[in-house]
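So, here's a batch of structures to check.
Heads up, the next two complexes both have subunit A, just with different partners, subunit B and then subunit C.
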Partner chain A sequence: MFYAQLLVNGLVQGLVIGLAALSITLVFGIARFPNAATGDFMTFGAYAALSAHKATGSIAMGGLAAIIATGVISLLAYLAVFRRLAERSVVALLVASIGIAFFIRAVLGVAFGHSQQVFQVPLSRPYVFGSVRITPLDLQLAAVALAALALVFAILYLTPIGRQMRAVADNRDLARVSGIRPDRVMIALWLLAGSVAGVAGMMLGIKTIVTPEFGWEMLLPAFTAAILGGIGSPVGAVVAGLLLGVVQEVSTPFVGFTYKIALAFIIMLAVLLVRPRGLFGRLEGAR
Partner chain B sequence: MTHTRRQFIGTIGAATALIGAPSILRAQAQGTFRIGALCPVTGSGSPFGSGMQKMIIAAAEAVNAAGGAAGRKIEIVSEDTQTSPQAAVLAAKKLIDVNKVQAVLGTWSSGVSLAVVPLTNDANIILMNTSGAPALSMPPANAKGLSYRFQATNDRFGRAFAEICEKEGFKRPATMAFNNASGVGNTEGFRKAWEAKGHKLVESVVYEPNQPTYRSELQKVLAANPDVIVTGSYLADTTIIMREWYQSGQPVKWVMPGWAASPDLVKAVGPDVVEGVISVDSVSNENAPSYKAYDEAYRKATGQPGQSNVYAAMTWDMVHVLALAIEAANGTDMAAINAKIREVSNPAGQQVYTYAEGKEALKKGKINFEGASSVLDFDQYGDVTPDFGVFFIEGGQLNRRYVVKI
Partner chain C sequence: MSLEIHDISKAFGGFRALDGVRLTIETGSLFGIIGPNGAGKSTLFSVVSGFARADEGQIRLDGQSLDSLSPPARARAGMVRTFQVPREFRHLTVRENLMAAAPKQTGESLLGLFFRPGRVREEEGAIAERVNQTIRFLKLSAVADQPSGKLSGGQKKLLELGRALMVEPRLILLDEPFAGVNPVLIGEIMERITELNTRGIGFAIIEHDLEALTRLVPQLAVMDRGKVLAQGAPQAVLDDPLVREAYLGGVS
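Showing the complex of A and B:
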């Protein structure tokens, strides 16, 4: 039962990592570079949600603000920077994304200050199932995460723009000759990736505290999950995020709390040694 | 490609000239003693950092108003540690190499002080910190005896925690520590003092920073059924831990250092969650005239009472002690100044409370500066022993019930 509780703790943690990894993997699959600004998009989403929550007192409004504001800021980053660098190397884009990350963090630091802020949500006692305790807040956050995931996958697999995005991810040149306009696809991509990061940021903010640096600190686990899941695979990112969260928590009785973080990386190394394309990744020819 | 490389080198050259030129100009300035104010303006020390820096500047103004030290004006160069060792090292390098400061004052967290002390040692200049890690007392950190600590060591905090737990009648304490020199220093100090009293710990957990949840850590500690949890923690992680503990519904008492269980914690989690938490912090030397002068300066600079920032009282004292030592050494030779620090602040000698008073009394003989933060008697390691205030959080207020002396 002790392990069941650890499993629950890990699932909640994994959902946040999974959403952040999903944002990274979407950008990587279609725009083809690791977006280091994802963490700061999360921070931006958390502050947007925080401001809306303070103004209206409603978490739903906060979530809406996070989705819209982060989608817009992500699109702006694309229009102002990434579009102009589209033909450059991956390194140029990566460095540009680090620059955007610094920029967002600095602006947030000036606008909101560096001291920690919290969502003033009422704390409630957990539901007890057998000896497993689950808090209502975690259930709500899990529902939000699952709804966000369902929406993203619906967009990707059920709508024309989603089909086009997957086509571009699959083979950009073939997509272009088939009459898919990359511009529309890219706008949809950045809106979607930003909104997902915004939701992840709001969830993390509600669970923990909000500071201008807090999203940046989540970047490493999120990248790990994106790589472990197979870069460019949305399903893989989410599954790997959950896996990392669960493995870290369930391992603590054996390796302790200090080394649980290292364990995530050991698992990633082991998977990549056996299966270099990641859990759900596809083999890709040399480009 | 050649073209861009040439441009690149040109840019670097221009940048070097920009950075280098003013330092050459400044290095020629005579009649000043330059001090680096290296405080945690951003990051987890941000509730304290800007007040600390303002008090270094205010104290320097007080010194300059009294005619400076050894005929020299004190000049302050401010930098931000971001409460991060990496950023602090860069800032300290800049202060030492570019600004040519002769002392660095005001480092806050232990990780930062431990990272900066090798640089100040290499430059043979004084470092005055407000950190708790026991390692700062010994070589290699304090191999040259140039480092002074104005805060109680974590070890002393741990001893105070043990006194409090005994006084409050706790029988089954557990510990939770943030994994750094300070956090583990607190709980280890507690363990040693507690076991020396013939008691036992029921559980101890060391946890990592920046985790989205600490539920598993809490689960392990609470499974041992403690009656009190003693922490070595900071504000951010404590906020998360307290919320998750409250949701677990298991009753237990908490004893925490004051930098974690602060009014900011009450604001973050609400008064219900932290009701009854015992917050322990070194108390300023509140009845001394030096404290009154500090309090006035702090209110003027920040609009807040001096009590809201114990570290600002420490940085206020740093400038006073250093300036008095410069005056006593009658020059800027670092070895001579360093030799005078204990002489102007430890007992035997006329008790003084302000810089002007001390400067005057130095003409007649030995002085003993009594600071705003504590009586400032440095032991052989450069450590001081303040008293500890024991605050109970009641209805969202931190009420001081009693003071513990160790």
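Showing the complex of A and C:
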């Protein structure tokens, strides 16, 4: 039953990874580069949520702040940097995103200091199912993550802009000659990718401690999930995120806490070597 | 009302793909473009649709200059192209392919989506209805909800025509609509083109199948090495000695 507990912990952790991976895979599928600033978008979201939570005492307001602020910072990064480099190589965009990552981290360090901060959430009695304990907070976080996922998937698969985003991901040149305006698609993409990362950052912040570096450290597991799920596949990213979260938690008794991050790295290498298009992948989407 | 192509030149490195092309195509007409491989026909479509930038020259559609317009803006101005090797949004269904190409959607932005949901729903209804009509017109009903990547070559050509129709164009540039299509479907595509033309939509058609093309168009131009050699009624053009020399290799 010990493992059942780890499974539950892993699922909550997996939702965080899945959201981050979704942000990465959306950007990769549509803007066609690996966005190394995703981790720091998460950090930004966590601090935005932290500030709003301190000011209002409401987790919901924290969430709203994370969604809006991170969406906006992500859009600004696009307008100020990524749009100007759109016709350049993937490497140029990747390096630019690393630059933006450092920039955000530095600004957050100056603004909030480098000491660890935590969300002051009241302790509550966990629900006990057999030997598995689930805190109400975990349930709330899971609900928030699922709601965010539902919203993103509804936008992608049920709305005009989602249809156009998938069209651009599919064939950008064809989209342009068909009268689809890539600028609009890109604005929606960056708002969504930022908001999703912001929610992930807030969740991680509530579960752990917030420092200016903590999002960056999530980048490896998030990339692993994006690759494992098949780069460019939103469903794959989320499923792989959950899988990775569970595997990391369940393996902790065997490999020890310190090495659970290494596990993500090993899985990423294995996927790249054995099945580069991932679980749900379509490699041609990732030219 | 016409598409005016004025002294367009385009070079790739040292190769002059287009060398001062001058052509006027009536927007409501059926107009053929023929020429040997490498004559610059597809490049001309690329330049006209904004896909590639011309080095020199001007393009006007019904008097409006297109030179500074982006490809999506040119499409929305009423002129769409298709491709020699048909392209489609392969992971989207046939229906989604067509819906994605409908212009002026409020739901094209997140703001519109969240703040004008009623209007978005209304438009979606209207677009869905137009898409249904288009699917019926093109006889693609059986595959409407299949991923378009799974269609046959001929069906993909029809889908391209459908996607072009969704932007309510005045002029469609068709790049080899009959290439690789079985004869039955060729007849089908020709019928659709003729019918659309009676509704006022013009077509400029690049085609190697001369026999099919001359049945379809009253006017055609011959291109060779980036230049227009001759233009006029099919028979007159094909009898032109310059054309015979370049295109038919001088065989009499």
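Points to keep in mind about this one:
Everything that follows uses one rule, which is that the second predicted complex is superposed on the first by the 260 of 287 C-alpha atoms of A that agree within 3 Å, B and C clash if a C-alpha of one lies under 4 Å from a C-alpha of the other, contacts with A are read in each partner's own complex, and residues count from 1 in each chain.
We take it that contacts are C-beta pairs under 8 Å (C-beta built on N, C-alpha and C of every residue); 3 or more make two chains touch, one makes a residue touch a chain.
This is a predicted model, so every value here is computed, not measured.
Legend: residue contacts after superposition of the two complexes on their common chain; A:Gln164 is shown touching subunit C, with no touch to subunit B.
By the touch criterion defined above, A:Gly130 reaches neither subunit B nor subunit C.
Of the two partner chains, subunit B is the only one touched by A:Val12; subunit C is not. When the two complexes are superposed, the chain touching more residues of subunit A, out of subunit B and subunit C, is B. In the superposed model, A:Ile180 lies in contact with subunit C only, and not with subunit B. When both complexes are overlaid on chain A, the residue A:Lys207 reaches subunit B alone and has no touch with subunit C. By the touch criterion given at the top, residues 155, 159-161, 163-164, 166-167, 170-171, 173-182, 184, 187-188, 191-192, 282, 285 of subunit A touch subunit C in their complex. By the touch criterion stated above, subunit B contacts subunit A in their complex at residues 41-43, 46-47, 179, 205-208, 210, 212-213, 215-217, 219-220, 223, 235-236, 239-240, 243, 246-249, 264, 268-270, 272-273. Considering their complex, residues 2, 5-6, 9, 12-13, 16, 109, 113-116, 118, 120, 123-126, 133, 135, 137, 204, 207-209, 211, 213-214, 217-218, 249, 252-253, 256-258, 260-261 of subunit A touch subunit B.
Within the complex, the subunit C residues that touch subunit A are 49-51, 70-72, 75-76, 80-81, 83, 87-92, 96-97, 99-101, 103, 105-110, 112-113, 120, 123-124, 163, 166-167.
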